[in-house]
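Scrolling down, you'll hit the structures one after another.
The following pair of complexes shares a single chain, chain A, combined with chain B in the former and chain C in the latter.
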Partner chain A sequence: MTRDLYLIKGDLKIIGRDPMLILSFVAPFLLLIIALFLFPIVSQLSIKYFSLPLDSYFLLGSFFFFSLIPMLFGMIYGFILLDERDEGIISYLSITPLGKSGYLRTRMIIPVLASLVFGVAFLILTGFSSLLNWFEIIVITLIVATEAPLMLLFLAAFAGNKVEGIALSKSFGIVLLPVLIDYFTQGNWRWILSFSPLWWIERAIFSLQEYRWLYLAGATVFHGFIIWLLFSRFERKMQ
Partner chain B sequence: MILCSILSIDFLAIKFRRMKNSIIKNTAQLLKLAHFDVLFQYKQGFYLVYAILTAVYLLLLFYLPETVRPEVAAYLILSDTSVLGMVFVGALVLLEKQQNVLQSLFITPMKLSTYIFSKAISLTLIATLVSSAIGFIPGAMLDRCLSMLASVILCSLFFTFLGLGVSSRANTLNEYFGGILLAGLVMVVPLALFFIHPVLSMIFPINAAVTLLITPATQQTLVSNIAGISVLICWNIVAYRYAMSQFNKNIIHK
Partner chain C sequence: MIRVENLLYSYANQGVPALKNISFKVNDQEIFGFLGPSGAGKSTTQKVMTGILKNYQGSVTLKGREVNNFNKQFYENIGVAFEFPNLYLKFTALENLALFASFYTCEKYDFQELLSRVGLWEDRNLPVEAFSKGMRMRLNFIRAILHKPKLLFLDEPTSGLDPSNSRMLKDFILELRDNGTTIFLTTHNMTDADELCDRVAFMIDGQLPVIDSPEKLKLQHGRKTLKIRYKADMQLETKEFSLHGLGSNNEFLQLINHNEIETIHTQEATLEDIFLAVTGKQLS
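Here is the complex of A and B:
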């Protein structure tokens, strides 16, 4: 535990030095400001110019931003991991008592914790408490917070170097698209979209309340399965 | 007198031949370098990722009604494909920096300008291919194909030059993304000027690019197109000089 704390302490130093990392901790606030203040302005403009009120989509927009928070942290920590791997730092750490899995564990803790804190605050402040009770909010944030290690592990497992990592990170947007498609369409064919971990969460929040916990259970299993899959691939890759 | 003029003509001819040979040599070197850059980008999965993304974008565009397709296609082109060079070039340069490729490369007779143009041209190639697919296959931008291509190519070159300048200073990926996020914000803000003074706002690159992209062929005039393209060319010269000076300062004369 003490050695993990050392690495976390080092991480905080890196965050202090790197403007992008400071920005990443400011980004959730910016997203919150957009959700709280810019959405109503856009809706007013849309009513004025197109007679199209957008108020009913505020929650969807907020959900979209909410799911961006762990993705953002996951990507930033993923980029740190790619830099460190290209520099050979992971190989050095793997022969210390920390080990490779210890290194990865520490790399995953901060984004999960940060996503949890920001996620709960974001859901409450953007008015999700009218749709979900506090227990559901915590469970949903917990599941969505695992998107951060998911992104990080995806980069670690599939990218050979930072160039491949950036190319892969461009495809992360595909995970977000099923959320929008599912919300705006009807029919059972939408189960095809269940390849996206976020689809399960969107269903849990916006579909019938009686199925909420079923979808949340599905989301937990699906997230756990993907993380296990990616982790084992990363371990194989590093051997 | 006659001998003198013959000698000077001869001297000019030799100079001209040398200049011609050097241009041919530089162009051949540039094409070779760009070819290897494209091969490297292909190997790293750029083309595969963009093939998948293009397929998704096309599905989305075909699903939308024809009336809004040009606007959505313009948004996709501007937000993703036109600026892809800026996103990718940082990773390419940082990897080369880390592998000490740049140190070896710049002690060869190859010029810095060849290196910078090779990166910009190779990334602009993907940007143009993907933008053409998004713009032309659903038929959203067929009417303004020339202005659209000019906008995409010049925009992609501009942002890649900008990315090259920023990447020469950065040491980590996150530092690089911090830099381009800032540069990107500065570039996007003048878009708001469009609503205040549409004509004057054309002096900014993003506004010129947007105007070339979204104006339907029936409303385009030769003057406005030439103005837009000239603005983008001027900004490209500025961005190229910025990339050159940053590379000279941070990498070559470090």
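Here is the complex of A and C:
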């Protein structure tokens, strides 16, 4: 565990010396500030001048931001991992007492923990506690937090280098689109949108409460399956 | 001691095995050289021996322990310097050493002592991305030994070094051996191998046709002759004499007494010559 802490200390140095990683690290805080302060102000102005209530849309917006947080943490660690792979550092770490498994454990768990802490705070501060109880907030955040290793492994499995990783991380945004379509449309055809891991979470939050745990179970299985697929591909690529 | 028996290794997507039933042992406190051209299987052997490549057939034991059964603690005893210096480029030399040292719990060298020894103390606070290839190689080397490993794997350690740094590093390697470290050296640099290795193995196409000491190999394969260059009638001439009975060879004695000698060399085989003779292939 001490070795993992030294690696984390090194990570903070890496992030602090890369402008793009600094921005990605600050972004979750900016999203929280927007959801916490900007949304209510715009909502009040909208009602005052146009008599148009936007609260439900802002709730969806906040969900978007909430979903982005683990992706951002996953992206940061994905870029660090790509650099380390390019520079042959992963091979070197595998012949130290930290080992490849210790290295990967740290790379996967830290963004999950960061997403979990930040995500719970985000949901509570932005008013989701009126929709969800404590237990649901923690379970949902835990599932959404697995988007972080999902993003990290997606980059590690498909990107040849950091430049490709930047391009791929943008394409990962496609998983957000089904959430929007599902929210604004009706009908069973929307199940075709279930390829997006976030669709299951959106359904769990915004659909009828009686189905909530069903969707959360589906989300857990789906996330686990994709992480397993990506990890297998990453392992093959590392050999 | 390192013992390798009938080691067979194939990469997943290649039909032909990279290592074909190779066997050898490395004694304690010995520098064992693995020589061969690029692609012969040297680095693959080192990767199997350090546990990077699994799923091999045969047996590879280090200090009596099979590589497949290594636990993380065992890596406290092993140091590896890869051919390409894999360092954190945005970190300084000192930060790199500090981070990698933090993974070991055993006794370590003082960073200042190591950095000074390889001439990097003045540059300790520069990011590694500002280092030349030679500086990175020197840092790569001290990173491999900072935890005082008992087994040291070196892959082309003098690659990219100027002659004086190359000499310094070779002296350092010999000193480590004399202080009890067992060293496995892979290289295609025959001069390094000749200067450093107690024994060498020639690797070609995943096989080891020769394992012996450089001295014995040179004696076995060298011609016992002496080549002399001298001036005769303002012309440069060359003549070769057998070493057998040289002191009573009148032609030789006449020649050295009555001519201006330019050079005299015994015709020992170099490791490069022996490699070519044994394997039929050039080293580079």
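Convention: the second predicted complex is superposed on the first by the 214 of 239 C-alpha atoms of A that agree within 3 Å, B and C clash if a C-alpha of one lies under 4 Å from a C-alpha of the other, contacts with A are read in each partner's own complex, and residues count from 1 in each chain.
To be clear about the criterion, contacts are C-beta pairs under 8 Å (C-beta built on N, C-alpha and C of every residue); 3 or more make two chains touch, one makes a residue touch a chain.
Remember, it's a predicted structure, so these values are computed and weren't measured experimentally.
Asker: Regarding the shared-chain residue A:T96, is it in contact with chain B (first), chain C (second), both, or neither?
Answerer: Once the two structures are laid over each other on A, A:T96 reaches chain C alone.
Asker: If you stack the two complexes on chain A, which partner ends up touching A:I166: first (chain B), second (chain C), both, or neither?
Answerer: In the superposed model, A:I166 contacts chain B only, not chain C.
Asker: Check whether A:D55 is in contact with chain B, with chain C, with both or with neither, and answer first, second, both or neither.
Answerer: neither
Asker: Look at A:E87 in the shared chain and tell me whether it touches chain B only, chain C only, both, or neither; answer first, second, both or neither.
Answerer: Both: A:E87 reaches chain B and chain C.
Asker: Return first, second, both or neither, reflecting whether A:I174 touches chain B, chain C, both chains, or no partner chain.
Answerer: first
Asker: Answer with first, second, both or neither: which of chain B and chain C does A:G10 touch in the superposed model?
Answerer: A:G10 sits against chain C, while chain B stays out of touch.
Asker: Could you give the residue numbers on chain A that contact chain B in one complex and chain C in the other?
Answerer: Correct list for chain A: 18, 87.
Asker: Report the residues of chain C in contact with chain A in the complex, numbered from low to high.
Answerer: Its residues touching chain A are 12, 50-52, 72-73, 75-76, 78, 80, 82, 84, 86-91, 95, 99-100, 102-105.
Asker: In their complex, what parts of chain A are in touch with chain B?
Answerer: It is residues 18-21, 23-24, 76, 79-80, 82-83, 86-87, 161-168, 170-171, 173-174, 177 of chain A that touch chain B.
Asker: Using the touch definition up top, name the residues of chain B that touch chain A in the complex.
Answerer: 40, 44-46, 49-50, 52-53, 56, 60, 84, 87-88, 90-92, 94-95, 98, 172-178, 181
Asker: Where on chain A is chain C touching in the complex?
Answerer: 2-3, 6-7, 10, 13-14, 17-18, 87-89, 91-99, 102, 239
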